């Protein structure tokens, strides 16, 4: 039995408290992402785009007369997508067609395991670290998992036996490959500056405001955002599912629950990307100019343990607030910019962003040498 | 008068600053946010007690708020019922002839006091294109384009064929349109 | 690269960008032969919105043709009404005797219709390139112009406003300051489109050097309107042979240089400004007076006359039942629609029904050029190219 | 402008059957055999330069004229440089409704001629692919002819079974 379980360091003596803590964190992240954020983003996308475009937006679905600003529309979406006929086109590769959405959704969720949504606190003598898996390869894990979701889209495009989805699938493959390379290189600057890949250490290093990633790596930030948008297939890089060209690209032949999966995958990826963005460039759970210790003294009157709980809650709240802010900005970009053409995306990816990220690495190296 | 052919300046040379994609992402986002913030404020203000007119948004909450229709609006054609309860239509058949898609059919008759009236007056609402030619042709101002646009669609065509009873509307309700016709459309000073 | 292609066995993919496709917002079908994303050959198939316009007109009286002319270029219905009315009045020989106010109001409504059409077209183009917010700003500007048209004609789209020998109704009270209010907001919107799109690097990459056509090809294919002017040819019917009161108004006509989509976009954006200018000048000098010709054999007389004078009643009944008796003859009157030259060729053999009522459809000639403009381009280039010629199903298929 | 019609008559007297001008518009009636050569000269002659073929349509004078010239193919031409217009008419008989195609002169005539074939049944000799443009291939008859009844029903198309 022992060889099945991974090494002892994951399960120190007295497994029960750390197991409970692990499960609590997983449940918290799963409910926050899958339960709250995905449906919430459906509503945010509708309401925000409406207000941006001088419209009113969703306000009709109501229970007992309460429309709750249209929030119930996401409920109706869920009901609609669950009850719709789950249609597999004739001539399509049935198992692959069925499998593709799962390959697209699951990685988006897993990638969030590495992102710390809070610092280190000792509650009743038990040190907790608010991250599900505190891997020291941190960011590389995110890239690895993100590239798996590419397979989901490509298989969906190939298995649907439809010219449009085939074109969509080909475009997904080309775009994702070229931008994963660029995304990886864009973040090398951050690793050089903080000297580690472990996201929690980067979070701790960003305690003082001036050490936030965005100030140390502005060019890296711009490149990363562009590649993240391309990874997430959102405008202006949404050429795989360009409505006006390829009808709905690789998920043209999907309906019902499987379509909801692709839709969910897109939102989850957006949350994950905002998470990585906030964790690396905007100080994760840190509040500018207010360090964790200062907060603990502020809540001192509550007694040591409760103070730590209060600080933890504040940090988690700040983290999610930053993520919401970034989702708002990503949505703004989504609605205002026109879409690239296929070859322009490739040209931008290989000819502009890749060389720029290499230059960024060079410059960071030089600056760090001078500083040392 | 002056004014001639003027070259359009396509040479919109992008400064290096604009050649980068990023600045005009910011400009686009700022314009969109410029609409978002005032709308967001005005919607929340209107929601919590403010009047709907506080909203600067273009669209309205349709069933609760109705759009303001201009006088010239051409809705469902209706027969005018005079104050004494009798329809003004004398079954002359001009509207039947003037209607381009031929959706009106009349069978005329005579009352005992010698005045003519339509025994049956059928207007097929499914075929009518709301062009207003019947109103223009009618010498008696008996058929008029009301400003009714709601409840005209049905799930099958039979109820859309209106008979005389479904078309008759008392004159008091149509004064706005009747006086518009006299003032703006077929009045003497228009010639 | 080419020798690699030699032994690589690839055959082109046949793709039908069918009648119901998000980008063909008219109803048109492109049969594409694709080599990967590059278009080898594209032949266009139209006719999905054919409703026998001419057969209808030949079987109705001269006045009953007006609702059918609304449905030609349904984005700018009033322009078709005016074009048909001008041709019919030319045949009747009353073209010169039209009252001043009627001619001014017709020009104003033509320019408002042109505004609505350009807003719709540019909006649809930005929508299909992905900039949804810009689309809705265009739609908002169009909504305000449609309110203006609705307050005058009674309907936003199917205006049915012009009659042979005059107009259906006069301008409502307070029309001038309603126009002032609308144009103020529309100019503000115009600045926002310009800021959002004209210097937008992505928009320019998509529009520049795609769907280009040279001046000679444009003339050979029969292009007219903004697409011809974008190719650098200086031809606008309002300037070449002015009709209505276009010779008493000063306005510029924008002309492009290379004829690609970006030029067509700039030409249409500038034409919006010019139309705003024209309407404001016309409202300034709008004369008082009647809007219908005082000749009962052409235009139905006033309702009181019909009741009181036997002469007017006879004319009213005859015009409605048999239609206006137009003397035998044929005429072709060109006017500048928003897509190009809209000319009506009317043939009359005497009597109340037109013998032939032919409209010269500008988007018919423009759609013919799509196959050439798109050959060798990418699949994604069809979208801006097809948008910028502004195919209107009703006008192209008649 | 009446001299324009005269100049056209002098240009090729054999092709022109008659010349007229009504309501200020020039109109030239031409024999259908000489149409291609005549149109090429109209486009290229120095004084003419009709580089736009604005419209091509057909008028069916059933009952108004004898069968010999029942149809009339009407071309509307416009010259950008001289800013003048002309209407060229070529009568075509009911027995042999065919005329040379002018696609070599103006490429734009391609679709207009296909529509004329579709609606009136006039065949244009030398046209690259003369098939129906507005109606579907299996449509029987030419609807805009005066002898085509208004309420005629077409055979239903459907799967063979």
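Details
We just call them A, B, C and D in the order they show up, numbering each chain from 1.
The criterion applied here is as follows: a residue touches a chain if its C-beta (ideal position, glycine included) is under 8 Å from a C-beta of that chain, and two chains touch if they have at least 3 such contacts.
Fair warning: this is a prediction, and the values are worked out from it, not measured in the lab.
The greatest centre-to-centre gap from chain B, using C-alpha centroids, is found for A.
Of all chains shown, C has the CA centroid lying nearest to the centroid of every protein CA atom.
Rounded to a whole number, the gap between the C-alpha centres of chain A and chain D is 65 angstrom.
The distance from the centre of chain C to the centre of chain D, with each centre set as the mean of the Cα atoms, comes to 25 Å. Annotation: 42 Å between the Cα-based centres of chain B and chain D. Taking each chain's centre as the mean of its C-alpha atoms, chain A lies 47 Å from chain C. For chain B, the set of residues touching two or more other chains reads 21, 28, 31-32, 35, 58.
Looking at chain C, residues 131, 133, 140, 196, 200, 202 sit in touch with two or more other chains. A list of each chain pair in contact follows: A-B, A-C, B-C, C-D. Contacts from chain A toward chain C in the complex involve residues 49, 52-55, 163, 167, 235-236, 238-239, 242-245, 247, 335-344. Residues of chain B touching chain C in their complex: 1-10, 12, 14, 18-21, 24, 27-28, 31-32, 35, 58, 70-74, 94, 97-98, 100, 129-133, 136-137, 139, 141, 145, 180-182, 184-191. Considering their complex, residues 46-47, 50, 52, 54-55, 59, 90-91, 93, 217, 219-224, 233, 235, 240-241, 329-332, 334, 341, 343, 345, 347, 349, 355-356, 358, 360, 364-365, 368, 397-398 of chain C touch chain D.
The residues of chain D lying in touch with chain C in their complex are 22-23, 25, 27, 51-55, 57, 59-60, 64, 74, 76, 78, 80, 83, 85, 87, 106-112, 115, 119, 132-136, 143-144, 150. Of all residues in chain C, those touching chain A in their complex are 13, 15, 21-23, 37, 126-134, 136-137, 140, 196-197, 200, 202-203, 205-206, 378-383.
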